[in-house]
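Below are two complexes that have subunit A in common, paired first with subunit B and then with subunit C.
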Partner chain A sequence: MFTELNSILNASPDSFTQGEFILVTDRQSDASFLIHHFLCFYLRARCKVLFLGLVQSLNHYSSVSQRLGVSLAQAKDKGQLIFLEGLKDSLSVLIPQESSKASEAMDFLRDPAAGLRSLYQFVRSRLSGAADGDGGEEWGPPVLLVDDVSVLLSLGVSAGAVLDFSHYCRATVCSRLKGNVVMLTRCDGEEQEDEGDDEGPENLLKGLTHQCSIALHVQGLPTGFCRDIHGQVCARVLCWRQKQTDGQCTPSKLFQYKVHDKGASFFARGTSSAVL
Partner chain B sequence: MAAPMSGVDKPSAERSSFNTTSFQKKTRSKLIAIPGSRPSVQNGQLLVSTGVTSLDYLLGGGLAVGTVRLIEEDRYDSYSRMVLKYFLAEGVVCRHELFVSTAQESPDDLLQELPAPILDDVAGHTPVEPSRLSCDPQHGLDAMKIAWRYQNLPKVQSALASSSRFGHYYDVSKTMEPEIRQAARCHRFYVPEHPNQASSTRSTGLESYSALLTSLQELIHKKGFDLATPMSNSRNILRIGLHSLGSALWGDDLCCHDNPTNGHALTTFLYGLRALLRSSLSVAVVTVPSHLIQDRTLVGRITRLCDHAIALESFKGSERETNPLYKDYHGLLHVRQAPRLNCLASNLPDHKDLAFKLKRKQFTVKRLHLPPDLSETVSRVSRGELAGATAVASACSSATSGNRHLDF
Partner chain C sequence: MLTELLQQGVDSGGFLIIQVKTHVTQYFIFYCKCREEEVHVLGFEVSEEELKDGLKITHNQRLHFHNAYADPLGWNDNTPFTVHRFCAEELTRLMRTPHSKPTTLVIDSLSWVLRHVKCPTVCRTLHQLRKGGAARAVVGLLHTDMHQRGTVGSVGHLATCVITVSPGTKADEAVAKITKRLKSGKVIQDVGISIGEGGEPTKPGPNMLNVPLWLFTFLQTDPAANLTFNLRLSDSEREAKEKLALPFMFSKEKKTALLCSGPGSGQIVYEPDANDDYDEEDPDDDLDV
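Coming up: the complex of A and B.
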């Protein structure tokens, strides 16, 4: 959890707005450090977290979270964290064997063109089923974290199906269960118009940006690679969705960041410690 | 570098609680000693050498076990093939197991071309080897007068000591002796031996890719590279070399069409490969002819599915080959992606302008240094060409486009 980012977004583990869809995107850089931030943030806020880790193993996330001060193993044991290891479960579907049982969440790999209905069922059953009293500790609002959504495009799912999935998740988690959703999507290359290309990651990005309430765009510096400043983040909060605004919200904030071993530091443009 | 840690004391049940991937956190007693590997200084992961020591140094000390390295091939597939051969040769010298998959020629042909290691301190597998050692056996027969304390030490290093060295040098002009090569266990996958059958169950993906994935998984399970099997003291690492994945010989039309029909076959395979590798003691190097793929988003997706990606761009056949500025190098090396494993930060190399040169005994990768413009004739000829090479203009001061040299 990066405290500087909390102050920038006006959120803290004790008080954060519910029912939000936070979209993290990156272009020619790597925004996965923000996913680690949100994971630790919501675990500290005592929310029930469902994490769809489609690109990395659980060990990776637990090592990083250990450095940020949160233990994923403990959270899993207490029932606060439900972790879907996409890589591990996908093997049983990609290499069909008679003896192994396929996990229902990654079942869409059998026929990716058919959509992500099974994945959505998994999300819904895990998040809403447990909210009706399971005898354990009472957790806060449910949170869904997806890392990352654009890998589904590489697995053959169409952009429309991914947008449907995110819409259903938002309807379930944000509106019905009053929780939050955080999704990471990655695209590369410059902004370009795909002529009639329905599968493009640009269409996915545009669709998701339309659905979200907070967008964090991470990109590299326009002047090129720099060792001390890894890139810049543009945080856009769509204020008109919030009924209780007092009209004092800035449309977008731009700041730069540097990722190091134990966290990331955020600073206003031009105020990096290497420059000053 | 720290010596390898002692063997495993604790039973396997303790470590399989959530440590079922090959990224082991560095704790005191749980590191096992596998010859040819060492823990990383940054985050304690197990690293193996790529066979090219300058690449190892550049990219964080070596290849982390459990990751996939992507090499985007150069135009004539000469240097990427060389790097793959270095990788396999290093596996032979370190006694790792190999898995080679090719589409164009038989894997045995690729294995016969492996470069010979420079054996000044590698103990021989056959009696022929010790004669190549640099120490002179005749002098050892006499009693040592000055260094008499070393009299009783063995003259030939034991095999364990030799294989604990990280990174070896190879002589490209000679091929590896068949005795050394046959000492290593090697598994092969040759695409024409696995013809595409009509598949009724799988609607996506290509038969060749799924056959490769299936054979990899079988190998990992049978030979005990899987991390889920109980740890024993004799673990080994599997080195997987996949040559020219995605080319037309795999039945894939990625490289032929602008809009391939099976656009996600290769990416699904890479996803499955990543899943396999994360849960086993193996490391893979994949070469892809990305210069043939028209769709750059697809290349971006392929890059993101691999942990580490470099692209080789050789000067052969281009006008840069005769350009006097580039006479010291054979090509450029671009680092497209650095892995982010078990930590927040990734270690990209500091400089983006890297060039490589293949010498007889070494494949060097270093920062591109353009020589200073000293003579008039050199600058007049090369300024026009350098204007096109904007990517490497960082070190050169005369990167302006075609301005006339100031004459006094």
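Coming up: the complex of A and C.
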């Protein structure tokens, strides 16, 4: 969890805005450190967290979280964290074995054209029961984290279907359950006006940008590689979706960052300690 | 100024397209509409709560929200409105109210519909809504960057006014570019209007393009609705009108009275003085009179 990012987004584990849809994007860069940040942030905030890990194994996430000071295994045992391990589950759908039971969440792999209704129903069923506290501890508002949605495109799902999925997640988690949603999506290519491609990651990115309330866009430095500054983050808060604006609302802020072994530091442009 | 322009659009009849490129000012149009007439909002992208928060409206009887946000595809099996029911008949039924006041339909957004319904179908529905008279005006929002240029063009051709709004320098500020097509075929453009908080236009600001959205308005009005004079006559009025003799109309009596000088009428007598250059010759001699 990065305290500097918290102050940029005006949030802390004790008090954060509910009902937000945070979109994390990267272009020719890696924004997964922000996903780790949000995972630790919401676990610390005692939220019920559903994590759709489609690109990495649980081991990976738990070792990174360990460094950030949060134990995923413990959270999972307590019932605070529900982890969908996409890599493992997709294997059991693609290569069915008697010993392993395939999760209904990954049913879309059988027929990607049918859409992500099964995945959404998995999300809804896991998070709707959160308020009851299912016998254990009482947890805060539900949170859905997805790492990352653009992988679904590679699995044969259309961008429109992913947008439908994200819309339903927003309607259910943000609006109905007053929780938060964090989604990561990546675009590899250069930013361009592609007219012909209706189903690419660019279209997904644009669609999600229209849905989200906070957009964090990670990109490399325009001047090229630097050892002390790893890139820049553009944080854009969509004011009219913000409930408590208090008249203070900036359209977008640009920060540079450096990822450390344990955490990351954020600073205004040109104020890196290596420069000053 | 924008509100004025919209009002002008209403008065002159025809179509109005509004193109918006920011989330901030997406709802300024609702804001001015809500105060005047019945507004039906077909919300796909924003929940009712969020919409009313954005509008800073707590309770408005004339604002009807049709919830297509919670379950637009019927995945939850308790859906008030699904995207596949997007056709003129359904929408007309949706907008039916006990008192037949002029209604405005706001579609938020057409992008959502266009993702699931084919473009020609959407265009036909919009056209039917306009012709059918169920809604006096249809306002639609379209994220232009999410569709191919052809789709945007086809929907755009249905409307009469495009307002492109892009974010300005400050958070609450936006720049609007208005292109209005009048019925006569005249195209009016106005650029550089900035809309401050609450949808009230303030001062012009620099144009910064960001996330493009389109907001369309299709206006269908009766131009004779608010005239200060009558266009048609009742029978008694027509009778009275026919009886009236206009001052420049010559009846026979009037003509004779004017031409024949009666007793007591005057005559012009001209007596030239010494210096007067009086020509004895008839000046009209050469004329064949």
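The definition used in the following text is that the second predicted complex is superposed on the first by the 267 of 276 C-alpha atoms of A that agree within 3 Å, B and C clash if a C-alpha of one lies under 4 Å from a C-alpha of the other, contacts with A are read in each partner's own complex, and residues count from 1 in each chain.
FYI, a contact is a pair of C-beta atoms (placed from the backbone, for glycine too) under 8 Å apart; a residue touches a chain by one contact, two chains touch by 3 or more.
Here the structure is a predicted model, which means the values were calculated and not measured.
Asks: Given the superposition on subunit A, are subunit B and subunit C in a clash or a fit?
Replies: Subunit B/subunit C on subunit A - fit side by side.
Asks: May I ask you to name which of subunit B and subunit C touches more residues of subunit A?
Replies: B
Asks: Looking at A:112 after the superposition, I want to know if it touches subunit B, subunit C, both of them or none. Which is it: first, second, both, neither?
Replies: Touch status of A:112: first partner only.
Asks: Mind working out whether A:176 is in touch with subunit B, subunit C, both or neither, as first, second, both or neither?
Replies: second
Asks: Between subunit B and subunit C, whom does A:203 touch in the aligned arrangement: first, second, both, or neither?
Replies: It touches subunit C, and subunit B stays clear.
Asks: Touch test for A:94: subunit B only (first), subunit C only (second), both, or neither?
Replies: In the superposition, A:94 touches subunit B alone.
Asks: When the two structures are overlaid on chain A, which partner does A:211 contact: first (subunit B), second (subunit C), both, or neither?
Replies: A:211 contacts subunit C only, not subunit B.
Asks: By the touch definition at the top of the document, which applies to A:33: first (subunit B), second (subunit C), both, or neither?
Replies: First partner only, subunit B.
Asks: Per the contact definition in the header, classify A:264: touching subunit B only (first), subunit C only (second), both, or neither.
Replies: In the superposition, A:264 contacts subunit B only.
Asks: Rounded to a multiple of 10, tell me what angle the C-alpha centres of subunit B and subunit C make at the one for subunit A, in degrees.
Replies: 130
Asks: Between subunit B and subunit C, what minimal C-alpha to C-alpha distance in angstrom results from the superposition?
Replies: Between subunit B and subunit C, the minimum C-alpha distance equals 17 Å.
Asks: Going by the contact definition given at the top, which residues of subunit A touch subunit B in one complex and subunit C in the other?
Replies: none
Asks: Give the list of subunit C residues in touch with subunit A in this complex.
Replies: Checking each residue of subunit C against subunit A gives 23-24, 26-27, 45, 47, 49-50, 53-54, 69-73, 75-76, 111, 115-116, 143, 145-146, 148-149, 167, 170-172, 211, 213.
Asks: For a test of understanding, state which residues of subunit B touch subunit A in their complex under the given definition.
Replies: So the residues of subunit B in touch with subunit A come to 17-21, 23, 25, 43, 201-205, 210, 213-214, 217, 263-264, 267-268, 271-272, 274-276, 278-279, 296-297, 300-301, 304-305, 340-346, 348, 350, 352.
Asks: Can you name the residues of subunit A that touch subunit C in the complex?
Replies: Listed in rising order, the residues of subunit A that touch subunit C are 117, 120-121, 124, 160, 163-164, 167-168, 171, 175-176, 195-196, 198, 203, 206-207, 209-211, 238-241, 243, 249-251.
Asks: Considering the complex alone, what residue numbers of subunit A touch subunit B?
Replies: Where subunit A meets subunit B, its residues are 30, 32-33, 36, 57-60, 62-64, 67, 73, 76, 87-88, 90-91, 94-96, 109-113, 151, 153-156, 186-189, 199-201, 225, 227, 259-264.
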